[in-house]
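Heads up, the next two complexes both have chain A, just with different partners, chain B and then chain C.
Our next item is the complex of A and B:
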């Protein structure tokens, strides 16, 4: 536990003494901070520029234009250098947070 | 038959002017010497005009109504500047317990408590910088506390936002 940060509580809860579950946000907990967002056309490699393997989201498109599937419902993967998509026009979100 | 009255012109004797005919003033010689000398009147200088130049020019500018230098004050019970008249004028009162100012509506616009050091201002406070241990904004809506190194924001019922230090809080 650290001594410094900021936090906001839900209505009706004293931010100084309430449980973590009653907070809206707290710097105690790591939050996903977006590094890169894009659409990979054609499928292939995206260099993320981070020196570690980051957390990422990918969504592959359906046949209908503008429709996308669930996050992770595709064969994309990442390592400490690149994000590699498996389907054309895959949307991707790469975060600063490192896989743990 | 009545006796006729003889009228004669009234004669007015000559009267010398007050200084006329008086011998010039001379000093009286001491008896026996017989030497007469004129009385000597010593010259007398006109009194030098003295103006409190120091007070007017470098200590107190009466034209601009400004006090330029430090003055030493003697003890006094209290001072009241102005006379309060409802709707017309306010006043300022200075006493050993503090300073109180009222506006023409009777509202206290300035209060300095000489005992506790508390100060209340009705108007704005403007400053190039402000050094304070704790600042409370509104009715405890925001509290900035330098001692605890926190900023607390209250939504009117509970403290909702905490920024800063809370031992073991993060």
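Our next item is the complex of A and C:
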């Protein structure tokens, strides 16, 4: 890669010599860019409007108010048209990123 | 959006592109942010006594329910790490291990104060289990 770009290190690390894992951001590495964020009520389809099947995160609520599952612990899925959630009030993030 | 910010394209892509995937970074688009990882970015361990549940509780310190990615080496020493709490374990991963129940309302969940993850050990012996997590400063709103 050409010697250009920018990077920011975490506190306590020298940006010129630290490991990549100790950077906050580096233009050498792709980042997940958020397309849309929301809560799907009722459960069902969210048309993402992208021309590909995007990467997503979901977080489902439990019956107990204020309790949510870990990322990925639900039956939500995506295809080239929609994100489909399985549980009412599931929170979601859809990214400008296909599976490459 | 006001006409200011920072954007970096991937190699061979033009900076005037309107395709988000052409960018490594573009301040016009949000990004999920890792708020917290384990101390020293080292995996943590929990001792799971045979014959019952052991719960790991982490106070996340955020004023909302954050997104959390959680990884566990269910079989101690296997090097096989699984994500979340609804786990379909590799059938070849047959040594003594803990199990999880990620769709239980009271065993494994995130709320506005804590992350609670429960391991069940009926392997016949006590187990020390490794785990790692990413807490995001993002709540889906």
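In this section, the second predicted complex is superposed on the first by the 87 of 100 C-alpha atoms of A that agree within 3 Å, B and C clash if a C-alpha of one lies under 4 Å from a C-alpha of the other, contacts with A are read in each partner's own complex, and residues count from 1 in each chain.
In this text, a contact is a pair of C-beta atoms (placed from the backbone, for glycine too) under 8 Å apart; a residue touches a chain by one contact, two chains touch by 3 or more.
All values derive from a computational prediction rather than experimental measurement.
In the superposed model, more residues of chain A are touched by C than by the other of chain B and chain C. Contacts of A:33 after superposition: chain C is touched, whereas chain B is not reached.
Within the superposed three-chain model, A:15 lies in touch with chain B and out of touch with chain C [touch as defined at top]. Contact with chain C, but none with chain B, is seen for A:92 once the two complexes are overlaid on the shared chain. In the superposed pair of complexes, A:6 makes contact with chain B and with chain C alike. Of the two partner chains placed by superposition, only chain C is touched by A:66; chain B is not. Residues 1-2, 5-6, 27-28 of chain A lie in contact with chain B in one complex and with chain C in the other. Contact residues on chain C toward chain A in their complex (touch as defined above): 8, 10-11, 20-21, 23-26, 29-32, 41, 65, 67-70, 83-86, 102-103, 105-106, 108-112, 117, 138-141. Listed in rising order, the residues of chain B touching chain A in the complex are 152, 155, 157-170. Within the complex formed with chain B, the chain A residues making contact are 1-9, 11-16, 26-28.
Only residues 1-2, 5-6, 21, 25, 27-35, 37-39, 57, 59, 62-64, 66-74, 91-93, 96-98 of chain A touch chain C when the two sit together in their complex.
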